[in-house]
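Each of the next two complexes has chain A plus one more chain, namely chain B in the first and chain C in the second.
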Partner chain A sequence: MLETLGLMGAGFINALTPINLLMMAGGVAMGIIIGCMPGLSAAMGVALMLPLTFTMKAETGLIVLGAIYCGAIFGGSISAILIHTPGTPASAATAIEGYQMTLRGKAGKALFTACYASFWGGLLSCISLYFFAPLLAQLTLKFRSAEYFWLSIFGLTIIAGVSGKSIVKGLISGAFGLLLSTIGLDPVTGAKRVMFGQAYFAEGINTTCALIGLFSMSQVFILAEKKITARAQATKFTDKMSLTRDERKLIRPTIVRSWLIGNIIGILPGAGAAIACFLGYNTSKQFSKHKEMFGKGSIEGVAGSEAANNAVTGGSLIPTLTLGIPGESVTAVLMGGLVIQGLAPGPELFGKYAPMTYTFFAGFVLVQFFMLGIGLLGCRGFAQISRLSDAILIPCVTVLCCVGSYAIHKNILDIVVMMTFGVIGYLMRKFDLNTAAVVLALILGPIGEKGLRNALKSSGGNPAILFSSVVCWVLIGLCIVGILSPIFMAKLEAKAEKEAVAGTEEDVEKLTEEDSV
Partner chain B sequence: MKKIFALLLVLCMIFALSACGKSGGTTSSEAPAAESGEFKPDGPVTLIVAYKAGSGTDGPARILAQFAEKYIGQTVVVENVDGGSGSIGWSQLAAADPDGMTIGVMNLPNFNNSIVNELGTYTTASFKAICNHVTETSIVIVRADDDRFPDLDALVAYGKEHDGELKASTNGAKASNHIGAQAFANSAGFKYIDIPQGGTADQLLSLRNKESDFTVVKLGDIAGQESAYRVLGIFAAERDSRIPDVPTLAEKGLYDQWLGSSRAIVAPAGVSDAVIGFYEEALKKTMEDPDYLAAASSFDTNFQDHAATAALIEQQQQFAESLGAEFWGE
Partner chain C sequence: MKMRKTDLGVVAFMYLVCAYFYSQTITFKADSQTYPKFTIILLFALTTLYLLQMVVAAKKHGVESGVKEVFKDFQPAQFFVCLLGAILYVVLMHFFGFYISTVIFMAAVLLYLRVPALYTVIAIVAIVALVYFAFGKFLGVRLPVGTVIKALR
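Up next, the complex of A and B:
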């Protein structure tokens, strides 16, 4: 225990180097910029910046990625509040109350609330990171091949959660990803599979290139096919960015509730920040003593949504770092960064690499403070970026995609792979297939394959080994929950969204009437 | 405002580009004449490592590069060219200008396996040996608390009695430690089940969580966690001074050759003898440098000259080619 406390303390000291602090500030700013530009998601931003971290030390690289992640989730609220367009899906619920506040000339107050709530949501979520992550990591020491097989199956059930409207299309996407994951040297016999005589494919498809293509490059194609139009003018706001003492006191319970919701949603694979923001918003409405303010620009509503989506960040890192199961697309990218640094998720991160891990955790805590500072100081500037023209955005992102994939191995073939996946991603999105499912399958496929084949090999082909331990049965139970939970979540989200929208539409109508009068 | 952010993004891209170009270096067009008797690099020297930054190969290579600068008289840039089980990096090294400005690390026997598996277009003749850098010897280990196997004899007896039942984790199908386990079991005359894992860390974890009964790793792999394992035997001609109580496999009448892995420093085949001589001398001095030795305490530095290293590469190649279906029991 004392040793762990020592590691935690040392983590803060290590995180406080000038280079780390600089990177935190830069990462948060970059994240906010990416977040507040509608069309660029948090996953895309992290994927885009991932190659820049290769040359950094492991902890610095992870801190940058964490900073971009947190920044982007908060950044989405800026355009949600000012131009009623959530910068990322995670801020969809923020748009409801936030834009109402803007219409009433309280944009500054709304932005302050978003920033303040995001800060507390993110900060509190670090608590669970410190306490649950090492415990869960210890558990993986008990994992043998059979357990890893079930773990990957559990991870794959996330596909059901991320596939949105059509589960079938999600499954098609996942199957496609699994198929791609068989490329390369067979993990058990060493035979060459679908390599077409290219040594380049010996270690399989480069996941980082694949996800830069699927998340970032495909977005460029989507943006480019539309006619380039000017974005809505962001409202210039003049009111002061602050809350009174009473208002802060008012949103305090909301923040705590949203933190718990967001944190739990984050730990559960498959449910991301987009769901958390609606649940957080809805809960704040249910518990509010000022229900009449909802739909007319309630600071509680903004705080409820923003604290919840930022609380997801710390939570979602837990399964990623301990089990190697990324709960959503952002952490899938983050895991790519971890693996490239030569670090495997699991107990080693809390044993051999504990100083690095605790430095990252400390960095993640400090990032929240940077988010508060940069968010408050730079809001007015960031507001203008949300209307940056696609004519600038498209070439910039394209160059970053190419440079990023080349930087990994300095191999031109990586750019070809990235571009190919860009086209694949574009086509998939046109057909409503799910690119996140492909990435998940690409990461989890080899774990499951090796687990199943090694388990059967060691039992002499007897499948009973797959059901031979308590951990196996627990994981099987989780798989069932994993398959069923999206159905439950979808209902919950639909309910929350319906209630939220129902309230707003009335008020918007009322408001427009007032305006026209 | 727009312009400022466009500028910001451009700056960001320049930053990204500089990350790529970091180790590009400036290979002078007027490379030193290969035919002259003297060679001295006139710019940064590139050391190609065929595995990623932070890997087991990368660490020692970077320590060597750092201390070699004093004797080479130029900056030594480590360039990680990973992928294709090492073959991408070795292909790039084989194709590099033989002007003495690019050298690389060759992992034995992984390099030889990549030739046998037809992953690269090169052969041993595509490279010239400079010297050997690191040598690690293989050992047979079990869990420290496994009372079934107090010594090597007990493991062999158990293996023979329960033929085909013992399980051994490996660091990958037909990878170095799989070769070790197979060589041991073949010489002892029993069959076992191999459980291939992604790397040495997972391989050891598989032993510790009792999925495997024994395994073969390198001596350096268990450094710092010796208490968790019992070392039963070492694949060498003589006992190792660090573990004097552990018998060699040969003593027990089992596999009687040295087995392990080496990392040689090599250059593309076209370089002149002057280049080889220059680096051989410079790296010999580096590996004798007390500062280097202090920094390199975590691995086994083993300088061997050009001739011995060339012979080692050939010997390892013949060994890798000899591992046919019969060896693997297929």
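Up next, the complex of A and C:
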């Protein structure tokens, strides 16, 4: 206990170095900019900025990525409130009440509420990160080769069904990624396998290039295929960005409820901020003493949605850092960043690398304060950036993707690989396949292969070893749950969204009637 | 939900991938074949399962092309100009280095997308400056100089 407290304290001291603080501020600002631009996603932002963290210390690099993640989730609310277009799916529910507040000349109040609720949602989520992550990591100490094999399969089944419409297509994406992970030298014997006659592929497919291609370059192609139209002008607001004491008191219970919802949703692999924001919004409506305000611009609605989606950030890091199972695309990219730094999720992060991990955790706490400060001070400026045309974004993001890929090994072939994955990613998205599953498979593939082959080796080739322990059976059970969970999650999301929209439509109708009277 | 003909392309592609990897895998040493074979079987089985789902959907709900849904609002000229532009950019970078090729690529794409001249200049200057300071100075990355520029020096 004392040791953990010591590590926590040391983490804060390390996180408070000038370079870390500078990186937090830069990461949050970058994240908010990416988040507030409709068309750019948090995963894309984190993937694009990944190469910038290579030369940094592991903890600093992770802090930057965490800052971009948190900033992007909050940033989505700016365009949701001011132009009624959520910057990211995580802010879809915020747009309902936030835009109504803007129409009533209370945009400043809506933005303050979003920022304030995001801050508390994110900050409170760090509590579970501090307490649950080390406990869960201890569990993996019982894992042997066979368990690691099943863990890799579990990770894939979880992410496979997250974003696509078809679970089988998600699983196909994962299996396709696993096959791609076999490219390069055999990780056990060192024998040459599929290398297309190029020594370049000896180390396999460069995960970072694949990440940038699948998440960022493919987004460029998505933007390029649509007719470019001018974005709606962000509403210029003149009201004060603040809340009265009573208003803060009013949203306090909403924030606590949404934190719990967001945190649980974040820990559950397969769910994400997009689901959490609707659940947070609906719950705030259910418990509100001012239900009549919903649909007319309720600060409780904005707080409920924003606290929930930011509470997901800390929660989703728990399975990512402990089991290596990211619940959504952003954490899959974050895990890529961790692996690239030479670190593996699991007990080592809380043993050998504990100082680094606790510095990252402390940085994650401090990032929330930066988000509050930068969010409040820069809202007006960010609102203007959110209008940036896709025509400008297309070549700019292309250049950044190319430079980012090149910076890894200073090899032009990396750009070619990134571009190829950009095209693959674009086609996958068009045909409802899951790009996050491919990325995760590229990371988990070698772990699964080593697990499978070492287990078979130790049993003299008898596959029964894969079913020989209780942990194996638990993981097999979780794989089945993993396959079935997307069906449940999709229903949950659809129900929450339907309730939110239906309720709002009723309220708007009432409002129109009142206005006409 | 109706069966989409476009999904047949996904199925065909996955079968082709399986066939290619299988043809390569059988040339590996026995020990190295285990895991690739496992993943090939997995991909093959899942693709076949999806094909069966498609057949059931076709029988129950009928068949639709899917092209309209997949490529809704698709702007072919704009898309292919951007795609070819990106490919040419990489080729240009190999010959003329990062900075020259970036200016040419960005100017060409921005002008094609009808971005006003002033914004074009601002965007190019901002990106070149960002890359110079973030990658060139901060990370110390030596960006491609280009074979032609190297030869001229």
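Some points to look at:
Keep in mind that, in the parts below, the second predicted complex is superposed on the first by the 499 of 517 C-alpha atoms of A that agree within 3 Å, B and C clash if a C-alpha of one lies under 4 Å from a C-alpha of the other, contacts with A are read in each partner's own complex, and residues count from 1 in each chain.
Quick note on the criterion: a contact is a pair of C-beta atoms (placed from the backbone, for glycine too) under 8 Å apart; a residue touches a chain by one contact, two chains touch by 3 or more.
For clarity, every value in this text was computed on a predicted model and none was experimentally measured.
When the two structures are aligned on the shared chain, A:T17 is found in touch with neither chain B nor chain C. Touch criterion not met for A:S469: it reaches neither chain B nor chain C. Judged by the touch definition given at the top, the superposed model places A:L179 against chain C, while chain B stays out of reach.
Of the two partner chains placed by superposition, chain B and chain C are both touched by A:T189. Contacts of A:Q384 after superposition on the shared chain: chain B is touched, whereas chain C is not. By the touch criterion defined above, A:I392 reaches both chain B and chain C. After overlaying the two complexes on the shared chain, residue contacts for A:L52 are found with chain B and with chain C alike. In the superposed pair of complexes, A:I415 makes contact with chain C only, with no contact to chain B. Using the contact criterion defined above for the overlaid structures, shared-chain residue A:Q138 touches neither chain B nor chain C, since it reaches no partner. In the superposition on chain A, the residues of chain A contacting both chain B and chain C are 51-52, 54-55, 186, 188-189, 389, 392, 396, 399-400, 403, 406-407, 410. Across the interface of their complex, chain B is touched by residues 30, 33, 51-52, 54-55, 58, 141-145, 185-190, 192, 199-203, 206, 340-342, 344, 348, 381, 384-385, 388-389, 392, 396, 399-400, 403-404, 406-407, 409-411, 450, 454, 457-458, 460 of chain A.
Across the interface of their complex, chain C is touched by residues 51-52, 54-55, 166, 168-169, 171-172, 175-176, 178-179, 181-182, 186, 188-189, 191, 193-194, 217, 220-221, 224-228, 389, 391-392, 394-396, 398-400, 402-403, 406-407, 410, 412, 415-416, 419, 422-423, 430-431, 433, 445, 448-449, 452-453, 456 of chain A. Taken together, the chain B residues at the contact with chain A in this complex read 1-2, 5-6, 8-10, 12-13, 15-17, 19-20, 22, 52-55, 79, 81-85, 87-88, 91, 114, 117, 119-120, 167, 172-174, 193-198, 201-202, 205-206, 208-211. For chain C in complex with chain A, the touching residues are 6-7, 9-10, 14, 17-18, 21, 24-25, 28-29, 31-32, 34-36, 38-40, 42-43, 46-47, 49-50, 53, 70-71, 73-75, 78-79, 82-83, 85-87, 89-90, 93-94, 98, 102, 105-106, 109-110, 113-115, 119, 123, 126-127, 131, 134-135, 138-144.
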